[in-house]
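For reference, the structures are reproduced in the following blocks.
Look for chain A in each of the two complexes below; its partner is chain B in the first and chain C in the second.
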Partner chain A sequence: MDITLIVDFFPKLISYLHITLLILVAAVAIGLVIGVVIALIRIYKVPGFNQLALIYISFMRGTPILIQLFLIYFGLPTLLALVHIDVSRANPLLFVAITYGLSCGASFAEIIRGAVNGVEKGQTEAAYSIGMNEKQMMVRIILPQALVMAFPNFANSVIGSLKDTSLAFTIGVMDMVGRGNTLIASSLHALEVYITLSIIYYGVVICLEKGFSLSEKKLQRFEGSLAVDTK
Partner chain B sequence: MIQLRNIQKSFGNQLVLKGIDLTVNKGEVVSILGPSGSGKTTLLRCINFLERPNEGQVIVDDFKVNSKQANKKEILTLRKKTAMVFQQYNLFKHKTVIENVMEGLIIVQKQPKETARKLAMEVIEKVGLTEKANAYPVQLSGGQQQRVGIARALALNPEVILLDEPTSALDPELVFEVLEVIKRIADEGITMIIVTHEVSFAKDVSDYIVFMDQGEVVEEGIPTVIFNNPKEERTKRFFKRINREEDNLESNLTNAI
Partner chain C sequence: MQIDIPFIFTALTEIFKALPLTMIITLVPLMIGFLIGIGITLIRIRKVKGIYRLANFYVSFLRGTPALMHIMLIYLGLPLLIDKMAETFHWSIQSTSIPILLFVLMALSLTAGAYMSEIIRAGILAVDQGQLEAAESIGMTGFQAMRRIVFPQAIAISLPNLCNIFIGFLHTSSIAFIVSQKELTGAANIVASNNLKFLEAYIAAALIYWGLTIISEKVTALLEKRVTVYNRGGVA
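Now for the complex of A and B:
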């Protein structure tokens, strides 16, 4: 093993970090929208949609992300071709964003639903007792508390997704791993490339964790443990 | 004026309220007493339809809600005319004291923010928590939280405030401050229906006492009559037991000292 190679590879690989982060941000954004919608469908048991939501969640849970990625990559163009939309030349990043978005959406939905159910019943009753309607109660009282409670699970899920993005290269996305593969091909030093990659991923995860735990403290100030004295 | 007519409520096949009639005049304080499980909480929750009665009518002023036909809009209107103070306070945890009090003013009554803030501060002052206006519920003692609960209800200027055992979750040394606040707003002529186990407080604050047992009103009347000359056997037994418990408590205390 050649340590100097790691130093050499590091800037080459990290210059593709933004692609990885882009995938992550897109996935989380799509996932949040899907997650909230699916969670609400599940909470209100919207007839018909509830069953679809259940199938969607259990499918996303029950299949590997790699298979989902291929399903979307090959399946979506075939589906869209039926309605005469040609996506065969679309950027593979698009398929990656959709796949990871769908995957995040499923886990976020369950996290949000759990958190909403976890909000004390008394909060709902207090909201109704002051004359709020269902929507005001949900938007003003329940969701804000639920999202804060959901935050730690949410953060875990995001970190999981970050690691999942390392599979994006399989459909030809040039992210850090994609670039790593080209480096391996040209240098024939696979181990050094993977060591460098692991260092970068680990570093990013550590930063994310730090950031999440700081925001968590901010968010949960009303939960007690960190009650700041206000006077 | 609040009127309940023939309020019936069952859970499954257990009839918990067996047709309750009650009239509360404007400015009156009515206390509901009765043994555990007699349906006091359920009755209170039927008044603002947190629990929908199976039968009967709730009338607040001229606004009449039939339990059977009531639609969402009527229930909302009814709730806007009432407010509730909960045994477990149920303050909005993610909001500060002043935000708790302002929430209904802004979101439900659509008052401008500044008006709401001013009104909220006045009410918060009334319950003696001006210093805590920007604290979160978790930073307050139980007694302080309950005073916020009262402020939240009071700010809405409802036709009636419903209080369900407002002090029974509190440590004994915090009961007094809450009862004092309730007494003060009672003296201001706010209409209240209070479920309580604090007999001496009920005696002191109420214009009218309702004694319930097993889903029925057993006896009702002005405090002096109900407490000094109850007619019904069940009422007598209830007070006897309560007195004995209080005596026990006192002798325990004396023994302890």
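Now for the complex of A and C:
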């Protein structure tokens, strides 16, 4: 083992960090949209769609991300070929973003639903009693409180997704791990590459954790204090 | 390309044969991880000097890096270490004679240990302080109180989390295919490339994982009813 190689590999690998982060950001963005829609379907128990949402969440929770990745990578071109869209030459990044987005969507949906159900019933009643309609009640009263409650779980889920992105290389994406594999092929120093990758992942996770805990404090600055100052 | 539905069933029976290996890669690390987890938790709760920081770093580092990294670090690093040791101490073992499975199990045990310690810690801290005081007031030693009073309740509280970590590790075991283990995903990969029917093989694998997850959720729900019997309140 050669420690100096780690120093040598570090800049080479970190220059691909933006691909990893791009996958993460795309996944979280797609996941948020899907998550909110699915959560609303589950909360309002929209007939028909509710069962579909249940199956979707159960499937995403019930299968490894690696299998989901392969299913999308091999399945989506087949599916789109039926409507005569050819994606066989598309960038594998696209498939990765869709897979991780779908996966995030399922976990976000459950997190949002849990948080909305966690808001006290009196809040809804109070909103109605001052004459708000259902949409106002949801947007102004319930969702802001639910988001604060959902935030820690949301943060955990995002960090989990970051770690999952390390598997994207299996379908040939050139992210950090993908670049690491080409480095291994050219230098034959696999251990050093993986040590470097671990250090980078650990650093990113620590940064994310710090960032999330700061935003959590900021979000929760209204929590726990009394609505009316009794002093 | 069309989907060959009958082939999914063929693949299903073929891939299903790999279930024992997936179960080994899931359960062995969880069991070893449970022991590591208890050790780490005790170190962290009692704040044992010196190793306390090390335990914190262990948990934080393994929770902060992907499981793929742990497998690769152990799989690539440990053989170097073993060969070096064998050379210095004139042992007659060679790293090449050690099956890869053993490295995977070791790596995932370390991963499991870190996640388990967080679950066990949360469980122990959730047990009411009064329980410990009551145990001591009737003359139990610290060890007795821990083993007979705190621990059983902590496990009951942790059950949903333990189920989650089981499902998590069932899915993590799929990474072992990257170091050419023939567990469910590895078997699916072989069936897929032998027959050039990738989608069908992975659908079959997905169905097996999905079924296993649903079964373990149901079993947990039943277990939870049993272990929380003491906590139901009211008159029996």
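Keep this in mind: the second predicted complex is superposed on the first by the 224 of 231 C-alpha atoms of A that agree within 3 Å, B and C clash if a C-alpha of one lies under 4 Å from a C-alpha of the other, contacts with A are read in each partner's own complex, and residues count from 1 in each chain.
One rule holds for everything that comes next: a residue touches a chain if its C-beta (ideal position, glycine included) is under 8 Å from a C-beta of that chain, and two chains touch if they have at least 3 such contacts.
Just so you know, these numbers come straight off a predicted model, no measurement behind them.
J.: Do chain B and chain C fit side by side on chain A after the overlay, or clash?
T.: They fit side by side.
J.: Tell me which of chain B and chain C touches more residues of chain A.
T.: Larger number of chain A residues touched: C.
J.: Quick one: classify A:Leu71 as touching chain B (first), chain C (second), both or neither.
T.: The answer is second: A:Leu71 touches chain C but not chain B.
J.: In the superposed arrangement, which partner chain does A:Tyr194 touch: chain B (first), chain C (second), both, or neither?
T.: It touches chain C, and chain B stays clear.
J.: A:Tyr202 contacts which: chain B (first), chain C (second), both, neither?
T.: Second partner only, chain C.
J.: Under the stated touch criterion, which partner chain does A:Leu167 make contact with: chain B (first), chain C (second), both, or neither?
T.: A:Leu167 sits against chain C, while chain B stays out of touch.
J.: After the superposition on A, what does A:Asp2 contact: first (chain B), second (chain C), both or neither?
T.: Neither partner.
J.: Can A:Arg61 be said to touch chain B (first), chain C (second), both, or neither?
T.: The answer is second: A:Arg61 touches chain C but not chain B.
J.: Tell me the contact category for A:Gly122 with respect to chain B and chain C: first, second, both or neither.
T.: After superposition on chain A, A:Gly122 lies in contact with chain B alone.
J.: Chain B and chain C, closest CA-CA distance after overlay, in Å?
T.: Between chain B and chain C, the shortest C-alpha distance works out to 23 Å.
J.: For the complex, which residues does chain A have touching chain C?
T.: Touching chain C from chain A are residues 1, 58-59, 61-68, 70-71, 74-75, 77-78, 81, 163-164, 166-167, 170, 177, 190-191, 194-195, 197-198, 201-202, 205-206, 209.
J.: Using the touch definition from the top, list the residues of chain C that touch chain A in their complex.
T.: 1-3, 60-61, 63-69, 72-73, 76-77, 80, 167, 170-175, 177-178, 185, 188, 198-199, 202-203, 205-206, 209-214
J.: Which bits of chain B are touching chain A when the two form their complex?
T.: Residue positions touching the partner: 48, 50, 72, 76, 79-80, 82-84, 86, 88, 90-96, 103-104, 107-109, 131-132, 134-139, 152-153, 156.
J.: Along chain A, where are the residues that touch chain B in the complex?
T.: Answer in residue numbers: 120, 122-123, 125-133, 136, 140-141, 144-145, 148, 221-224, 227, 229-231.
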